[in-house]
Structures are given as structure tokens and as C-alpha cells.
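Same chain, two partners: subunit A is paired with subunit B first, then with subunit C.
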Partner chain A sequence: MLIFSVFKTLTDQRVTVELKNDLSISGVLKSVDQFLNIRLDSIKVLDETRHPHMMAVKNCFIRGSVVRYVQLPAEHVDTQLLEDATRREAANQAKR
Partner chain B sequence: MDPSSTGIQEPFDLIRLSLSERVFVKLRGDRELTGILHAYDGHMNLILSDAEETIMIVDPVDGNFEGQGTVKVAKRKMEMLFVRGDGVILVSPPSRT
Partner chain C sequence: MASLQGYVDRRVLLVLQDGRAIVGVLAGFDQKSNVVLSESKERVYSMEEGVEEIPLGLYLVKGDMIALIGEIDDAIDQAVDLSSIRAEPIPAIRY
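Entry: the complex of A and B
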């Protein structure tokens, strides 16, 4: 749930999603759900020569399970807040 | 549960104590990462900053009896990175040096 909240705060920011098949897509994060499925607008494939079939695609929905990495805009991530929230969630998990 | 002096009772505690420290992460697909850990969850989804990725590309060379192909190493840096938990093999806390 914590990471889901992080992504929600990053909506309308430009992120780069790297998939497990090595395709990297940068785009504006439009929405995210609990499975970390991601919807991107105004997308750009990083290596267009290797993936020419993606050139016409302007927006997409990415299934969460095929994501390897997401590169986030560092200036929009409050690392102190993240660490506190992570400790809080870890404490809640331990109570169960 | 007896709270020990280290504060480690379950495996995730080791990761919790590594928050805001540089960790080493081994991933599927011959990839490794080091970075400062800022967040994780029960799936081992991670958020790292100042991350450096190392990809080992093994290139098997025929006619080499030692069975040693050449290993190419590719490195790249990323400022802030979310890592999906299903690719994580291990997370290692920083070496105390």
C-alpha cells in the first residue's frame, strides 16, 4: 500500500518505466492501481530504432507484473517521509 | 518474542535497519544494484536513490576449455529508482567498514 501511495503522489510527473523485456518507456504518469499497473500518456520509447513498432503509440497501460524498474523524478520524492512511512508500515505488519 | 539487543527478530528487520543506508541488491537476470534504501514493502518492492546498476553479460566463447566466457559489465546510474519486488533475489546491508 505504501508504494501505491508513493506512485499516487507522483501522478502527472514524467517517469521512465523499464520492462522485463528491456523496453524502456518514458511518459507522464496518469494513474496507478493497487497492483502497480501503470497508465502513461505522451510516451516515448527510449531506443526507437530497436522498437520501431512502438513509434505510433502515444499512451499505454502497463501491467504491473512486467515492470522491472521505474525511474522517478528525485525532486518530487521526499526521502525522509518515505523512511518514516516505511518504518510505520513495518511496525503495523509486526503487530499482526 | 524476546527483544534482543540487535532488534532483529524477523528477516525484514534486517532490511528495516538498513533504511537510509547504502544497500546491495541482487536481482534476476544477472543484475546487481547498490543504492540508498528509502522504502520497501512486504513484496520487497524497493525505492533506492543514487542507484548504480551493474549488468553482467556473459559471452560464452567457443574453443575455450576453461569454460570461461568473457564477461562484459555494463554500469549505469539512476537518481531515484523503484525496483519491483519480484525481481529481487537478496538485499544485503552495508558493510560496516
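Entry: the complex of A and C
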């Protein structure tokens, strides 16, 4: 749930999503849902010459389960806050 | 919510877990991202020949099989000569 909130704070930022089929797509994060499905606008496939399949695609919906990494813009993430929040959540879960 | 609502009645490209690419008009979807495509065609990519389009008709694709759904810009898509494109197929998803 915490990571869902983190993604919500990052809407309208440009991110790069690496999929589990080794495709990397950069685009503007439009929305995220509870499954971490991602909507991207103005997408660009990295290494476009090797992957012309998405030439005519300008925005897309990526299933959360196929995402390997999301590269975030460092200047828009408060890493200290994120560290504290994740540790607090982990501590809360350990208590339960 | 990252919903598929905006894609209904649009031409979309579906990339499946096994790497297949299917284009069609999104007729409907549900919570589990199961989708129904009308007038769908599979696009088969290879390095040996141009893209082959295989007509599939009305298709229901289970949500778990889907990797990505992209909205197709028809103007760009129609400007592309598929028979001139040589490309490796999209790799399958590997967990």
C-alpha cells in the first residue's frame, strides 16, 4: 500500500519502466492502481530500432505483474522520508 | 485508477506474456483486465520477412496473459508499411 502511495505522488513525472520481457519504456506517469498497473503517456521505447512494434503507440497501460523495475526521478523522491515510512510499516507488520 | 476506460472503442495493441502482439478494437474489459477485442489480428514479426497479419476476429483475452495494452495512433499506424518491417518478435515474459 505504501508503494502505491509513493507512485501516486509521482504522477505527471517522467519515469522509465523496465518490463520482464526486457522492454524498457519511458513515459509520463498518468496513473497507478492497487495492483501497481501503470498508465503512461507520451511513451518512448528505449532501443526503438530493435523494437519497432510499438511505433504507433503513444500511451499505454502496463500490467503491474510484468514490471521488473521503475526508474524514478530522484529529485521528486524524498528518500529519507521513504526510508522512514518503509521501516515504520515493516515494524508495524512485525508487531501484528 | 489506472483503468482501461479511455481505450474502449479505440484500436489497441495488446502485448501478451508469451510475446505475441495482437491489434484490435477494444470492445470491453473488466476488473481483472480481461479484455474483449473485435476485428483482432495477430502481428507476427520476423527477421526473414515483413510483418504478417493473421486475422483472428473476436477475441477474449484473459487478464493474466496480458503484459501491455497500448493505444494505437491510427495516422501513424497507417503510414507504416508493415511488409517492410523486419524485427525480432517481442520476447516472452520471464519471471
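To be clear about the criterion, the second predicted complex is superposed on the first by the 96 of 96 C-alpha atoms of A that agree within 3 Å, B and C clash if a C-alpha of one lies under 4 Å from a C-alpha of the other, contacts with A are read in each partner's own complex, and residues count from 1 in each chain.
Operating definition for what follows: a contact is a pair of C-beta atoms (placed from the backbone, for glycine too) under 8 Å apart; a residue touches a chain by one contact, two chains touch by 3 or more.
Because the structure is predicted, anything quoted here is derived from the model rather than measured.
Model built by superposing both complexes on subunit A: subunit B and subunit C fit together without a clash. Of the two partner chains placed by superposition, only subunit C is touched by A:Lys58; subunit B is not.
In the superposition on chain A, A:Tyr69 makes contact with subunit B only, while subunit C stays out of contact range. An angle of 110 degrees, to the nearest 10, separates subunit B from subunit C at the C-alpha centre of subunit A in the overlay.
In the overlay built on the shared chain, the residue A:Ser31 is in contact with subunit C alone; subunit B does not reach it. Applying the stated contact rule after C-alpha superposition, one finds that A:Thr79 touches subunit B and leaves subunit C untouched. By the touch criterion defined above, A:Arg87 lies against subunit B but remains apart from subunit C after alignment on the C-alpha atoms of chain A. Contacts of A:Ile3 after superposition: subunit B is touched, whereas subunit C is not reached. Of all C-alpha pairs linking subunit B and subunit C after the chain A fit, the shortest spans 6 Å. Touching of subunit A by both subunit B and subunit C, each in its own complex, is seen for residues 20, 65. The residues of subunit B lying in touch with subunit A in their complex are 10, 12, 16, 19-20, 29, 36, 38-42, 45, 47, 49, 78-84, 86-87.
By the touch criterion given at the top, residues 1-3, 6-7, 20, 36, 64-65, 67-74, 77, 79, 82-83, 85-87, 89-90, 93-94 of subunit A touch subunit B in their complex. For subunit C in complex with subunit A, the touching residues are 1-4, 7, 13, 15, 17, 19, 21, 33, 43, 45, 63-64, 66-74, 76-77, 80, 85, 87-88, 90-95. Residues of subunit A touching subunit C in their complex: 19-23, 30-33, 37-39, 43, 50-63, 65-66.
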